[in-house]
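Each of the next two complexes has chain A plus one other chain: chain B in the first, chain C in the second.
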Partner chain A sequence: MTQLWRRRTLAALAVAPLVALAACGGASTEPADGAAPGSADCAPTGGPVNLSFTSWVPGVEEAVTLWNQQNPDIQVKVNDVPAGNAGTYSNLFNQLKAGTAPDLSQVEYDSLSSFRLQNGLVDIAACEGVTDAQAKFVDWTWSQVQLGDDGVYAVPQDTGPMALYYRKDLFDAAGIAPPTTWDEYYQAAKTLAAADPAVKITHFPQQDANWFTGLLWQNQANLFDISGDQLSVTVDSPESRQVAEYWQKMIDEQLVATNLQGFSPDLYAAWNSGTVATWVSAAWGYSTIRDNAPDTSGKWAVAPMPQWTAGAKNAGNWGGSTTAVFAGTEHPAEAAKFALWLNTDPASLEILNKEGGLYPASSDAQSLPALSTGVEYYGGEQIFDVFKAASGEVDTDFTWGPTMTDTYRFLSDGFTAALNGQGTLTDALTAAQTQSVDSLKAQGITVGG
Partner chain B sequence: MAVPVTAPQGSLTAAPAGSPPQRRAARRAGGRIWLVFVLPFAVPFVAFYLAPIGYAITQSLLRTERSGGIFGRPRTVFTGLDQYAAVFSDPAFLSGVGRMLLFGVVQVPIMLAIALALALVLDSAVARLKKVFRIVFFLPYAIPGVVAALMWAFLYSPQLSPIVNVLDAVGPRPDFLGSEAILWSIANVVTWTYTGYNMLIIFAALQAIPQELSEAARSDGAGGIRTAWSIKIPIVRPALVLTGVFSIIGTLQLFTEPVVLRLISTNITSGYTPNLLAFSIASGNNYPLAAATSVVLAMGTFVLSFGFFRLAQKRGWS
Partner chain C sequence: MTTTTAPVRRPTDESQVSVGIAMVFLLLMAGYFLLPIYWLVVNATKSQRDLVTTNGFWFGEFQLGQNLADLFARDDGVFLRWALNSLLYAGLGAGIGTVLAAMAGYGIAKFDFRGRELLFGFALGGVLVPATALALPLFLMFAGVGLTNTFWSVFLPSIVSPFGVYLSRVYSATIPEEVLEAARVDGAGELRIFFTISVRILTPALVTVFLFQFVAVWNNFLLPLVMLQDSTLYPLTYGLFSWQSQVSRYPELQTLTIVGSLVSVIPLIITFLGLQRFWRAGLTAGSGK
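And now, the complex of A and B:
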């Protein structure tokens, strides 16, 4: 049982009693009519300050304890919660409406826009040290927290640059090198299946729409475009179709496992038994394999993500979080100061990497000792070198929409049909395009071009 | 609930004992004393039942408008029945409802037939270890729904399940989580969970049948099966109708099992059941549409269960 499976299970447990709430609209709070404007100035309130901070990074308490020791006047209290999409975001949205939200919270990049839309974020650009900190972070993470304008709506925490985890022993036995292009990946799938029909090159996770958007990100298939007051939906684009058609071909030719949900015990059993040979995944995925496929220790290796054009260098990103200052805080300056420290201080970053397995958004921290040595499970290879390179190859322009929960849901629903042969992945894109436009309209947003 | 409400009241007003001042105090209090007994019910009923329903109905008549750009200031405006039109034109909602109707038409009769059969066997003269079996049959209901679903998820798992492995050895490999089978895999979990509960209601009704009736049937030469068919089942019809209504409500509100099973099955969409759909919509911060979906679901549940009840009355089943 990994953390993710456990978190999802816990989410299911947490969600079940909510049925009564959902049945009455899930609405126990007033709609927030008053928008929370970004603070133009950001002066420290001075005096002793208490801040609350919601996070689900394992071991974040240790970093906060360190902060509290060093900053007696700014004491931070951590609320340890399930992962964002496992119910915490819903809670936070409701807390924002009720005015009981924490001062700071962990928010993933793909959800920042949604929180801004629900008037949940404070623009901390004016707070001391924030704009200067830009240089400390990997380029694309900073554009992710700027949300298409001059503001700064969060401090980057960790990232999920993607690469290819593959079973080196199986590839060696079949006499194939790790694929460098998606075409080679397809050929590798066929070669592996020819050697043993039970072996699928990977699984297609129906619930992990954010895995698929990581693949789209690599191909510069921007899902949304925000320029000024204009928002356009480009979920269905030539670039996204290229990715969809490729994976549809893999599904049609039965080269991928269509019945394995991501992060499920069944997937782990398939990894252990060697019937699933690769996983295109993020830097944080190294521990997912290590902890759940102990039988295959030493058999996995990491190679750069396959490319659409030979010789290109593009990586996708899957996941990663920020620390956001929430609207309603009375101490934005102190909150921003803590958020910066948490994600730039070497001691803090070392704790977050060691305890939480975070792959940092801070450029310096990518050279942490733990990230520059060989990893035993992966045959002692320095796998993080691959992710460090990938981190520099992530497109800076990728933009999330402000209703990503819905867009992910529409994509996942479309995946179900595609995996069953009742539709295609291209259909999933077309449907998600139309439905996302409707979602945005429901939030009162005019969708252009 | 009737017993605790009336008993203390009676003892207060009717008790002849006690000194005159005490009695006067009791009589004075008697004027408002009903409040003490009504409020513990009325306050939660209004706060946690009527108010949320009223709030949901209000929400369902609104929509969000925004001024000042994408991240501008939102405000809610009255929109009439637009959200309801959106619910009825949502293919996910319609297919979810259709799926639940199919589920109910198949699962509810099967479950109630098993429950009735178990109750009759327990009630029959030949049964041994009645108390033990009564508890054993009821036990699944005592297990929280999420835990039951997790347990079944393991048994359905294509990689880990002992059942799948055994069946695989003797015939074609079963796929309990496939797009065709998953609905019936869920039905199986629901049946497993609720059969014992329904059995207990029917069994209680059977226990209330006077001994003389069974004796009279026996002396007329009726065997066990004949007695069950001609005497017992007609008498417990009201209990069957009641369990039928409960089951219809339960079917339309199906939620826990699909939520748990979608952790391992790739075939459960976000609108697999109407209740799950309402939850998914609310997760996307679209509360007006979620409220409208919930209200439609509640009305549908009411119409179906009440309709079934009326039908039963008309036919003289209850």
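And now, the complex of A and C:
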């Protein structure tokens, strides 16, 4: 086992950080008995306690300093690390195996399931104040941290509810209102292109598979389904096909830019020159446009995400994190107390929003002064009102699989092929479905459906 | 190579052409290698706004001073801390590593003892195993003794240089036995002989070993990635990476990463220019013998 694990972990460093340790994680989606401190005993240890907390939110130290001042008996030390998928997750898996993992860590929603599969998370439902805190969070964020059962495996931190950033000046000049349905969005793309053939309505990136899952989330196209002990892969579904076929049509009719990658200098140049007119993106994306398209200040606006059915109210979500208590901690009660404070205390949330740009998962914090005022770059509009509404419209049933890194990679590979004229986005879904099932089976996870 | 020897053999008009072609080729290569540095210098002087809106190969509004101030102010000056860490890991690590490698290589070359070829074989094997493959086993070993996330977890592996042992042995073989015999006859101990005579003869080789090790440690990325979580222990490479990993969410980190990269290559350039003198002098001394 050790040999196998080591070999796989080495491979993990190179290719698939999240999944390679699964060989040791047990062959089912349920954690082995007794591997993690159960929810039955979550008594405070008492006495002075030192906790370590791994996070990559800029400025999180400031919030922690505040906590340390107020809680002399529970001192927290922050490990400031690179973003999760930039190596931190694979490090955390190594540390869990070596017994050197921190007491708490930032974990994104789409990775919680992987950590659970590795028995890396503590169910903190029995810890004081945890279940009562549910009311303080936006509904869908709480269902995300429950991972399909009665446990609570993390405390929601921030979210990325999605809306439509669009160039108001271009839309006005073309005489069109911001599209409310995806059909109107398609028509708008044609109108913009008719006015100026150089203008594409948006870019379709090859590598941002997690952006695409935000679009799937809006259409309730669940990627995975967990009923009881049974895990099924539903990457290829009627709902996901609807989304894929729509964007394939946009690509075929050359209404979207297919040569621009997300977060690339080329994309920013296109934003600045006005050849890309919209971006369907998350709340945190406001600073991406603001800081990378300074020439178009005052010309962008935000509208709700276009809908599949006229009059419907559904939003997707792209990104966002939780604060999870890790298996191996000797102080689950204190750790849970800190995680709750960090993500519900008004002073803490203000720091996280101001320094880290986090869009909070806490309902109250969505009314923070900074999120209730006009944003200068967006013509002084209160753009966060749109995201606040969107946050309430995110489907609560969306489920991530335990091997998301693989599934993301399969989707990206398929998108890249489709954008290069080999196959379609629907083919990408079909392939990712088969490949995801295979990758789960390869790790000894029973897949149904 | 042939172009440089051509003038000696045939001092005709044609050699002028050869020299010209060689010059053009070398200039092209120099341009190719210097272009990224040029880009780095240009873009380190730009604001985030100019970084995305102006031509990447020409200057915008000059604000290198502001960028540097921001760089050293970020997170209570953590960048300076990273720079010091890198100097410690790479400078001290390569220094001690060079001494150890020199002693090992010299010992294997100059003393006959049982198992010396086996020992050398192990050192050679170490050259063949990529550092990347060792990072995780090292992590598990350090975790076993509770030393992960400490200064030692990056420093200790940095003082090991199998390539240095190899080079030192090869070079030590060129030290004339007569010189050593003479010193022994004069009553010098082995340690004194090593440090006063052999090290001087070996200097060009040791400078090479030091430079190799310094650059290897300075650029080492995977080991700090696996070992460290405490940002006050990061070396520059890993610290800059941790910023770069977040630019999609926090675009202001782009300018800091770029200006930080510029600052981080300066010690490498200084080390090379400073030690190049010894290197070249040493090599010519060897060839004139």
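Assume the second predicted complex is superposed on the first by the 410 of 449 C-alpha atoms of A that agree within 3 Å, B and C clash if a C-alpha of one lies under 4 Å from a C-alpha of the other, contacts with A are read in each partner's own complex, and residues count from 1 in each chain.
Here, a contact is a pair of C-beta atoms (placed from the backbone, for glycine too) under 8 Å apart; a residue touches a chain by one contact, two chains touch by 3 or more.
None of these values were measured; they are calculated from a predicted model.
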Most chain A residues touched (candidates chain B, chain C): B
First (chain B), second (chain C), both or neither touched by A:269: both
Which of chain B and chain C A:114 touches, first, second, both or neither: first
Partner chain in contact with A:60 - chain B first, chain C second, else both or neither: neither
Partner chain(s) touched by A:206 [first = chain B, second = chain C, both, neither]: first
Which superposed partner A:402 touches (first chain B, second chain C, both, neither): first
Which of chain B and chain C A:82 touches, first, second, both or neither: second
Common interface residues of chain A - those touching chain B in one complex and chain C in the other: 9, 13, 265, 269
List of chain C residues in touch with chain A within their complex: 48-49, 52-53, 56, 75, 132-133, 135-137, 139-140, 143-144, 148-149, 222, 225-226, 229-231, 238, 241-242, 245-253
Residue numbers on chain A that touch chain B, as the complex places them: 5, 8-9, 12-13, 15-16, 18-19, 22-28, 31-35, 89-90, 93, 114, 116-119, 204-207, 226, 228-229, 231, 258-261, 264-266, 269-270, 273, 402-403, 405-406, 409, 412-413, 415-416, 419-420, 422, 439, 442-445
Residues of chain A touching chain C in the complex: 6, 9-10, 13, 52, 54, 56, 58, 61, 79-83, 86-87, 91, 94-95, 98-100, 102, 262-263, 265, 268-269, 272, 284, 287-288, 291-295, 356-357
Touching residues on chain B, where the partner in the complex is chain A: 52-53, 55-56, 59-60, 62-66, 69-76, 92, 145-146, 149-150, 154, 157-160, 175, 177-179, 253, 255-256, 259-260, 262-271, 275, 278-280, 282-291, 294-295, 297-298
